């Protein structure tokens, strides 16, 4: 069937494909492994861009209300445990490091190293969630979860509250105390969204450990590990900001 | 369409960055307990941004990436800034009262 | 003839010949808005005609029969610049013009007659200083700037009077204002234009514009006996506000006469003008609005007073002596002088300049 | 054969549909539902879009019927609220946002840039499934009692004052949003990474530029509405106070976050339509698009400036007056690139060689209606007139001129233009031209009276209205009937053409895009040999050269 210029006879195209190196993981619509890897990498970055905007909405809300209800945000922030928070930051930074090392192991085809790194990342991720759940349960005990059960006593009467006393809080007036609920709404929304991303990440890590043991990522095709690394580091970056904004900024 | 040459970043850089990040964490926690008034949030955010930048550049290999990746990063930061600043512009100027 | 005419004829005569194409202009701002609207319509028409003429002419001149071979060309910087800059310039004119009108509509003059409007699903309640109130209806005089202070008790509503070309969102938790000066006596439509739930389309009413004399009569006939300020005084007492706001030297709260319209310095150092919005906020969220020199000890009244109650209190505080009040009263008095609206705690409002205690609540 | 009216070249491939093509390669439901071929996904999208358009259209019909009389007699105001909400949600999130990108964009972008497929075929399929999942949730909402928030989900109405299916609707929009994100992401990656050798940025068809710009907005804006909806749902279920004024939240913050997406969303809807118009006008005037670079850059300018103007939806809502100034100014700026496009299209006709096939008629319709829609947008962007016009039928008319008069016209233009490529068959030409004219007349009769209604102050979303507005509403309803017929005719003859239409051949319009240089319907891999782009976009001289060479080749073959 005669077609216009870009279309050449069928057999020559087959010949062209034949002398291409063709690893099994190269999908049919890419010219080369490099193009495929590049594409996947760029797609991952774009996905992270959407994630930035997703969290962007939350950060905007946080900044607006922090401006409005500054004392409530200070008092709310004093309810968070800096020790746990710092520990969690360290845990997450370490997991980011092990993940980066995992990517390096995959790139340099070290199978055992990769499995070890992924496993460490997995454990550290779980550790983060464990610490986070301790923090959450403290909040639940003190009725600091927004909703019907929300309790204002820590803010109206700081003397009755360990954290508030430690921070030297003065009692808030009732109207300002009520606005601590906005702080905790945002606290739970932001850390909750972050934790959700961690849970998804840990799920993928488990799958990757399983695959890595059979050498799936140490035979040259490292795109998946690299992309997951990007995701994991991004989650780390979000936490770095959450830690600063929620825990530290009103500490002094 | 240039396909970038893949740079493998090694453990030495990673360890250095890890230490820098841990140092940053210690620094920011320490700084948060000192009353610097106006400067507290700025310092906290500056340290956080430095840490984030280190993660971006080295852990996430942006330093060794194509311009396209850098553009995506800058674009994301830019749009994030637009969202935050234009929204806050409304909130802040509301208090200025009427004309 | 309509008793014999066929239905179609009725349709044509009674219906088709009599429907509006342009809203009546019944406020001072309406002609200004319309001028801009007409300008924009003309510009749009010219643009549309330009596009139409281009398409039609080119279609005729260069259709395939007449012009079988297209002549390729790249573009033209001059033309691109033309249709970038001319629309841009026109849009800038519209922007500036529109902004001027916007600020006119949303910046009430200081001597405006204030009417409160509370929106709730699905009624409008207008409250007048003299204590008159009505549902889904608003009475205003001609020749007098009227400011509406609007608030919603539940969801977003929007207060729209098309004949005046004004509209303002009515928001829960915050006062919004809009003002107009009616020019033509008559009855005009009033709509809620922001979708607000089930009976949104029944949240309409009418604006009755009357001459000042008629309006005065209406005010006198519809009074409920107590003015908003008097209601506010009662509420003030029953909430024991005077325990602190009592003008004594050792008072724990600021002295309220003259507070309305004055410039206050808050604890945060911020300067603020005590307007309706400020008074409302400092009743409901006092700790954020504490005046310098006072401890943030005032309790919140959020959830204890209805929006109407807050309006009463504000009106009461306004009616305590203040410079602003004097100004306003002078211009108000020529409207409802015989009305009991001014019999609140400051009966002497007219022209009395001496400050403080005069109108303040006796402990 | 209608192609003979265009360019009388012997087209030997036009004797029959090529035996091997993307439709005939595999059969069976499974081969469609698990396909990763961008063309098949586009077809899946097209079928589902038409389905949802039909449902949304029925809702529109009900609305117009109800508004025939001033009283709410056909349905209670409660029902009416649900009907217009479902109309809005379905049309915006399930039809307009994915319309051109997910169907034509999906089908054509890889072909236009000379690629075998989208960069991420699995994500592409996933995005269709997400869309369907969102659609099913909307259908569930519809049959289980409906929702009456309005498509804007205004808080605190949606969070605290309604007992309808707000949650499932929000979830549906959230999910459909991710479908849109993935589509946009896929476009960006594909356009960046999959272009054929020689296909530089300024050789891309303007359709690709337009979709690229829309994709940028999809990727950047949609996540913000996603988080806004998450917060809304949390507020509704557990009562966090972020948007609740009684707890200290600000309902306007929801408006900010919502419109940060929903304003760019209108550009997501219209930009791909503009891309279609560029292709159509160039092809039927046989001329390169006038000011190619200006049109390309104006797409990007719309995409960028489109992000800075969202608060013009909130001018009277109590945002700061200074913010109003800034947003009003920026709104004026974003109107300029649209004007640039209109005039460039008009001048593309200049010294062209114009024919008037159905797509061209739709494109002319687009230009006229979009000019009106765009200009009335300026009425609303100027703060002073916005006060009077906003929240009335003027708004309704304005965005229907842009969305229906603009976008839907462009969609129909595109469908007609590429139908021979997608199906390999032609539709009846006279009928299609007639349908275009009917649509145009019906559209104007439906929506032009609404401008006047808006000027008069008739509020939108009213089930009953004052009697003086009736005449214009009757006009509008009458127009809607004609419009409905105008949409029905193409559905019928396009379906008819699937079996009985003339065989179209590779390039019935003699268009220059790479998608036309392969067989119709295309092979699963689009091209037998990966194409090399060796000429500018819209290079009709190149096409003529090719045709001459081919003719020569055929003659020598015959000898």
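Order of writing sets the chain letters: A, B, C and D. Residues in each chain are counted from 1.
Criterion: contacts are C-beta pairs under 8 Å (C-beta built on N, C-alpha and C of every residue); 3 or more make two chains touch, one makes a residue touch a chain.
From a predicted model like this one, the values you see are computed outputs, not experimental measurements.
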Interface with more contacting C-beta pairs, comparing A-C to A-B: A-B
Chain whose Cα mean lies nearest the overall Cα mean: D
Approximate Å spacing (C-alpha centroids) for the pair chain B, chain C: 44
Between chain A and chain C, centroid-to-centroid distance (C-alpha), Å: 47
Rounded Å distance between chain A and chain B, as computed from the means of their C-alpha atoms: 15
Whole-Å gap separating chain B and chain D, where each centre is the average of the chain's CA atoms: 37
Shared-contact residues (touching 2 or more other chains) in chain D: 192-193, 220, 224, 248, 252-253, 256, 260, 321
Multi-chain contact sites of chain A, meaning residues that touch two or more partners: 35, 38, 42, 46, 49, 52-53, 56-57, 60, 64, 68-69, 178
Multi-partner residues of chain B (each touching 2 or more other chains): 1, 68, 75-76, 79, 83, 87, 91-92, 98-99
Complex interface listing, chain C residues touching chain A: 284-288, 296-300, 302
Chain A to chain D touching residues, read off their complex: 1-10, 12-13, 16, 27-29, 31, 35, 38-39, 42-43, 46-47, 49-58, 60-61, 64-65, 68-69, 146-148, 178-179, 181-182, 185-186, 188-189, 193
Footprint of chain C on chain D - complex, ascending: 72, 77-78, 80-81, 148, 150, 152, 154, 156-157, 160-162, 245-246, 248, 251-252, 285-288, 290-294, 315-318, 321, 324-325, 328-329, 332-333, 335-336, 339-340, 342-344, 346-347, 349-356, 364, 367-368, 371-372, 375-376, 378-379, 381-388, 390-392, 452, 455-457, 459-466, 468-472, 540-541
List of chain A residues in touch with chain B within their complex: 32, 34-35, 37-38, 41-42, 45-46, 48-49, 52-53, 56-57, 59-60, 63-64, 67-68, 82, 86, 89-90, 93-94, 96-97, 99-101, 104, 107-108, 229-230, 233-234, 236-237, 240-241, 243-245, 247-252
In the complex, chain D residues that touch chain A: 12-13, 18, 114-121, 123, 181, 185-186, 188-189, 192-194, 196, 219-224, 226-228, 230-231, 234, 238-242, 247-250, 253, 256-257, 260, 506-507, 514, 517-519, 525, 527-532, 534, 546, 549-550, 553-554, 557
